[in-house]
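Before I ask anything, let me first share the structure, which is written out below as structure tokens.
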Amino acid sequence: MDKEQLKSVIAGRAAKELKDGDVVNLGIGLPTLIPGFLPPGVRVILHSENGIIGMGPALDAGQQQQAFVVDAGGKPAKCMAGGAFIDSATSFGIIRGGHVDASFLGAIEVDREGNLANWIIPGKKVPGMGGAMDLAAGARRVIVVMEHTNKGTPKILERCSLPLTAEKCVDLIITEMGVFEVTPEGLLLKEINDEYSLEQVKAATGCELLIPEAIGKMTE
Amino acid sequence: MDKEQLKSVIAGRAAKELKDGDVVNLGIGLPTLIPGFLPPGVRVILHSENGIIGMGPALDAGQQQQAFVVDAGGKPAKCMAGGAFIDSATSFGIIRGGHVDASFLGAIEVDREGNLANWIIPGKKVPGMGGAMDLAAGARRVIVVMEHTNKGTPKILERCSLPLTAEKCVDLIITEMGVFEVTPEGLLLKEINDEYSLEQVKAATGCELLIPEAIGKMTE
Amino acid sequence: MAKLLSLEQAARMIPDGASVMVGGFMGCGSPHRLIDAIVTKGVRGLTVYCNDAGWPGHGVARLITAGLVKTLNATHVGLNPEVAALMASGGLEVRLIPQGTMAEQIRAGGNGTGGVLTPTGIGTMAAEGRQVVDVDGKRFLLEKPIRADFAIISGYQVDHTGNIWYKGSTRNFNPLMATAADTVIVEADTLVEDGCIEPENVVTPGIFIDYIVKGGAW
Amino acid sequence: MAKLLSLEQAARMIPDGASVMVGGFMGCGSPHRLIDAIVTKGVRGLTVYCNDAGWPGHGVARLITAGLVKTLNATHVGLNPEVAALMASGGLEVRLIPQGTMAEQIRAGGNGTGGVLTPTGIGTMAAEGRQVVDVDGKRFLLEKPIRADFAIISGYQVDHTGNIWYKGSTRNFNPLMATAADTVIVEADTLVEDGCIEPENVVTPGIFIDYIVKGGAW
């Protein structure tokens, strides 16, 4: 799979986690592709943590000085009819209060307990947590969407080594290789992508996986 | 003095505590008369804790089923141009955050330390504190306006006997007899109403008063 | 994406013993038609959160007079003499809360914080049984979040998504309660199309609203 | 009753070493003209509170690039590479705060509560040095209120009383910061007469605003 196919597989599978009317927050990058894969009849409400409920799909535009509506990455955006603009305290009250049905986030590391690290690489990259800590701690479901490895190095680990974004917050991990559910017993391989063998998935994963008798298919 | 004169003396003196642009909250009853005594050029912004900034003067109307704007007593009211409607959390954030310059409240008891009791007489009257505890604790200045005694029984005491509304919250007490400032040393008689002698004021007061060499005149 | 219900359907949703937040301040901004529908349908043992007890025949008072309320959490009940009589006879338990504290507790119930640290009530009866938290040498009461099974609120303009615009001082507790109950029902004075309320002027976003009932103009 | 100032007059109010809240999110809703005026006037050693560091040449970034800022409190600085360079050279101290926590801390700074009890940051670096408060068995970080000497914010419509209506997502931190500084200056895209903004649609009441500067349309 090339990068584009890989992203499509992940975003396409992620879209199946959503049902009509869900309130959804999308991290920057890959997560923004998810709405493009929603089946007809499923409309979700995009929450942008800078203060938009009912944000429209991403605009194909660069940074502008004049935008009165921007997304959480600072890029020009729009609000749909039936949407609302809110202040930052209200916006994060919505997140912390469990009113966001699903938060899709990337990860640098995620572990079998559902711990998430995606905001800092000490000494190398210190961008700040932005809204990620609140989203990880507060959203009703936290779903990690990411490439399975970092150029071959596992990102799904026994235990995160980087500083955490939130502890035990991740519910589901979707990669190009499969779908993994965080359970009290450990990380359950729910679905696998046909393009990979079980052994390949195991080899690319840094922690033990719970393997059910029947593993679902990630793509049909 | 008859009741009306007495109210006029108190409200008239209270109005002098205000300067142009002050944000003011008025308790029910006597305090609502204060705006009528403001000198020309002094305009205050009335805050009504149910969610109005810039409330207009009291309307001469009874309770109505249809009012979209009511004051803190539930009576029809209006909002002035340049005013705003806010929710109850914002309204009390304004109070608690010290954005109300002066709160004028009645009292059942007030004492020389500035403790205030005005919300309950256990076993007799249990109306509830409404917004009084927040106003007493949060307003920048708390000014008690009341008749000096309850039919001859002092209301200004050494120590409140009733459950408090807030502790050490009162800055100034204005009655028909005089003006009393709460100081770290005790209750200072700042001004006296000519119609009463010092002895009469002392006799009607349930705690010792600090008497300055020159006592101001309450009315001119 | 709020769903339209009839007043009767909405009233039937509320079971005996439920906890119910009721918006409004002395009836201004209360869902009067829905209150009437609940009285008509009948229900027992409600725990109600409302700023006040209204006045007899008006607002939340109608629930109380009809004997539907076991416990009333309010900031002020003094303008409804029936409440004093019911309290004396043991027919109603009343818990009094400072108004600013109640507002912020409901907000906390909806926004996932652990409560409110308020200076209000320090040194008073309102402090009884409360944890006191010291922040930089100043004492605050820790008042816990309030949530309920239902919130019944009122909105002047409500669109099909559930976005609400409040007229005048009808706003009061309504936007707060909309965030803090498992099921939120708004009585719409006017039902409008999506887009009629400018996104900038929406006060309560529709994501908080589960059901809309038509109230019609007063 | 806010007072009109020129951009130059406003810029001169801010002394060396002041703490300044700057509204906006990646420059959207920032007081750009006032920022320029402050850069032109020059000032040293500011402690700034802003959601982010903007991007080079835009928004709060202009204060940083000009070397006016000693300490930046923000939630995210990753889109401004100059900041990383300044941090590495010791020219700028950056304190990172989770966005929801910062929003609520500023709100607390303006509303007299003792801080925020948030679940966000538990078990992370953000919890370091924080008091943990247990509420009914759940742990929360106590994050203290934030106040500043100045807040400089932006409003799309501002009336003479100081009431503000925000367009689009320019709202973000502006209404919160307006409540939490000793002196609040709003840059008005448009200055309108009192009454032009319906009282229901006022987002920031004028009582919070001390000074207005005219920004003009972008």
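Note that the chains are named A, B, C and D in the order they appear, and that numbering of residues resets to 1 at the start of each chain.
The rule we apply is simple: a contact is a pair of C-beta atoms (placed from the backbone, for glycine too) under 8 Å apart; a residue touches a chain by one contact, two chains touch by 3 or more.
As the structure is a computational prediction, the values presented were derived from the model and not from experiment.
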| item | value |
| --- | --- |
| Fewest hops from chain B to chain C - one hop per pair of touching chains | 1 |
| A-D compared against B-D, more contacting pairs | A-D |
| Inter-centroid spacing, chain B versus chain A (mean Cα positions, whole Å) | 55 |
| CA centroid of chain A to CA centroid of chain D, Å | 29 |
| Intercentroid distance (Cα basis), chain C paired with chain A, Å | 35 |
| Per-residue overlap in chain C, given as positions that touch at least 2 other chains | 104, 107, 112-113, 118-119, 166-168, 171, 200, 203 |
| Touching two or more other chains - residues of chain A | 79, 85-86, 92-93, 95-96, 138 |
| Overall pattern in which the protein chains touch one another (line/ring/star/complete/other) | other |
| Set of all touching chain pairs, with the criterion as stated earlier | A-C, A-D, B-C, B-D, C-D |
| Residues of chain D defined as touching chain C within the complex | 104, 112-119, 133, 135-136, 138, 140, 142, 144, 165-168, 171, 200-201, 203 |
| Complex contacts: residues of chain A adjacent to chain C | 20-21, 23, 45, 47, 53-54, 79, 81-86, 92-99, 138 |
| Of all residues in chain C, those that touch chain B in their complex | 25-28, 51-52, 55, 58, 74-79, 84, 87, 94, 96, 98-104, 106-107, 118-126, 156, 166-176, 203, 218 |
| Complex contact set, residues of chain C against chain A | 1, 107, 110-113, 159-161, 163, 179, 194-195, 199-200, 202, 205-208 |
| Touch list for chain A against partner chain D, complex | 48-52, 63, 65-70, 73-74, 77, 79, 85-89, 91-93, 95-96, 120, 125-134, 137-138, 163-168 |
